[in-house]
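Can you read through this structure? Questions will come right after.
Chain IDs A, B and C follow the sequence of writing; residue 1 opens each chain.
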Amino acid sequence: MKKILAIGLSVLMTAFLFAGCTKQAGSTTSEAQNTSGEKFVFKHGFDLDYPPYSYRNDDGEMGGFDVELCQAVCEYNGWDYQPVPFNWDAKDAELSAGNCDCIWSGFTRNGREDDYTWSISYSDNTQMIMVPDDSDIKTLADLEGKVVGVQTATSAYDLLNDEEGQLELKNTFKDLKVYDTYTIAFNDLQVGGIDAIAIDVTSGNFLMNSNKGYHFLDDVLGSEQYAIGFRKGEEELCEQVNQALLALVENGTYDQIGQKYPDIYEYLCLKPEGQE
Amino acid sequence: MANTNMEIENNQDKIVLKMENIHKRFGHLEVLEGIDLTVKHGEVISIIGPSGSGKSTLLRCATFLESIDKGEIVYLDKKAVTTSNSGKVIYSPKAEMKEIKQYFGLVFQQFNLFPHWSVLQNVMDAPLKVLKRDKKEVEAEARVLLERMGLADKADSYPCNLSGGQQQRVAIARALAMKPEILFFDEPTSALDPELTIEVLKIIRKLAEEKMTMVIVTHEMSFARAVSNRVIFMDGGFIVEQGDPEQVFGNPSRDRTKQFLKSYSEQA
Amino acid sequence: MTFPTMLMTMASGMLRTILLFILTLLGSIPFGMLVVACKKSKFKPLAWLTEIYIAIMRGTPLMLQLLVWYFGPAYLFGWKVGKFSIFGLEYRFIALLIGFVLNYAAYFAEIYRSGIDSMPVGQYEAAEILGYSKPQTFFGIILPQVVKRVLPAVTNEVITLVKDTSLASILTYEEVFSLAKQISASQTSFLPFVVAGVFYFIANYVVAWIMKALEKSMQYYK
């Protein structure tokens, strides 16, 4: 009984904390850029449901490669770091309302080039098809007449709905099921609700690490780059982040953080000069 | 038992209700402590007494809204409840009880009309659904009943649009539509203003003249005196005194009765 | 994507929203009645079970319940539920209906119960004296009055249901809100949400209008 109470209380408190968080984020504006005296607060907008880039880690804290890298950038620039976890569907509203300064959460720039001011790309990303080991699906062509799952508002989803992407392939599917999160899509794959999942290689690796019996098809669905999206026209802020990123690459911090995330390490595309 | 009614006809020796040694407890509170009551055809009996004396409970036991803890209840020739030697109270089988329940009607203090039905439907529904009688016949009878209650023009009204007195008259019509052998009234005018009380009492008086068998729990002393053949004074779960209304009201034999009637006339 | 295309896509989602809405009501309104009957049952274990059922349905998020109905059998018994279908309906859709109907039946049951409990005992007594059977009393006398009493609370619940249908997206049911999310993400536009909002508003306006007409039709008595 006590335990239940304790859990209930902590849930409530977390809720309050979050409420406080967002309020704070909403009330500050980005005008304080680089004014002397007060420290600039950099508001990092991200989705807490996108491991391993940004998620609630095993300790229950906000973490992930993007979160750590952003914190390093802030430290380098002498800014205060402020996390602004948001609902992925509301990212544009959050950004344009000034609740956050950037969208930095495994955010694909391909296809959105004109919608944001983009930083340099810091990670490659490939979209793959994940199937159970005993599946008879061996190539993309085998997906004909199958049910495929994908998470809403992801690059894999966009790719499958893009005429210049894989729309044609999608039209061979029996059905494309759209999930709120990949976790549920993966569960559905496990219980036989779908035959395959279209997913970023990094997210896919993350899922397969904790669940044996699944693999990617050799055929690649598509590839793209992750970068940081700023409000259109905020070139100055973007440039400051770019400079910090490059510096962190040079001093090895970027690599150090990357090593903590073996699922994505091989896709991190920034290398110190002379190591290309 | 003394019956002072001078107009006894042959079939009026018929006993409609016989209650014997009725006991009723609510928890530890003894509400009825061995009541005997016999009602003959055509009799009008008023039950008076202070509140908490058990008179309403007696009606509720007679109409099976409350179960009894000991005793015997017989309607006409049908035994409804008996008590075995071991003290177990035995009610008759369901089918028989259903028949017995058609011998009596009850008019409530709070009318308890069905608010979602028109006046006519309130009167007609039970004969139609419970007795499964012919609709035309039932409707004709219902209209006659409403006419007698002075409510012919209210047939299509809804209870919420009627005065308390009108509602109570509908309730009486509803009870009469089932053609009961005996009609119980549980303080039928207690929820009414004085001027509305009169119109209800008039109806009851008319029924008495028509030789309707009735048992009336009431606080209207002068009415009880005028309309009944027999008056029963109850107190503390006992029948303290009963008899001819002139005797009970005019020359009560028990101190408790005198006391009660005195306090009542002082109030009035 | 052009605006008319978007509108058409989302209208198809709205049809699915309405379908789920209607099926849920058709199931939960009568089932709630059965739940009240069980809760008021003299057979105590049944009454307790019903109480637990209502507590769970009201005490946990509907979204979680939907996941449990769909994935539960797989985790408990190892069934490949994704392959099930009954009468040509995917188990996915059946789980969705079970989840919505059982959840809303619990809420409706509580509303009915409060309505039934608010009925004056005199109505039962009058019916008993007149010789009505128990079913006659309940269906002819009590229920019509209870309906009138609970209608405002039911209206609230029904309007909530219109909006709750968006939870169905958790099981990939493409109702209007999940389509809005998808289109909004791929078009980098807020417009689909506005359109979804307008759809919901219209739907609830119609619902409120119907319920009001129902309430009015019962205003002939107090």
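Everything below uses one rule, namely that a contact is a pair of C-beta atoms (placed from the backbone, for glycine too) under 8 Å apart; a residue touches a chain by one contact, two chains touch by 3 or more.
Because the structure is a prediction, the values reported are computed rather than measured.
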Nearest-to-centre chain - CA centroid comparison: C
Most widely separated chain from subunit A, with each centre as the mean of CA atoms: B
Whole-Å gap separating subunit B and subunit C, where each centre is the average of the chain's CA atoms: 47
CA centroid of subunit A to CA centroid of subunit C, Å: 36
Centroid spacing, where centroids are CA-atom means, of subunit A and subunit B in whole angstrom: 81
Sites on subunit B touched by subunit C in the complex: 63-65, 98, 101-102, 104-106, 108, 110, 112-116, 125-126, 129-131, 158-160, 174-175, 178
Sites on subunit C touched by subunit A in the complex: 67, 70-71, 74, 79-83, 92, 169-170, 172, 174, 178, 181-182, 184-186, 188-190
Touch list for subunit A against partner subunit C, complex: 88-89, 92-93, 112, 115, 149, 152-153, 157-158, 161, 177-180, 184, 187-188, 190-194
Subunit C to subunit B touching residues, read off their complex: 120, 122-123, 125-126, 128-132, 136, 140-141, 144-145, 148, 218, 220-222
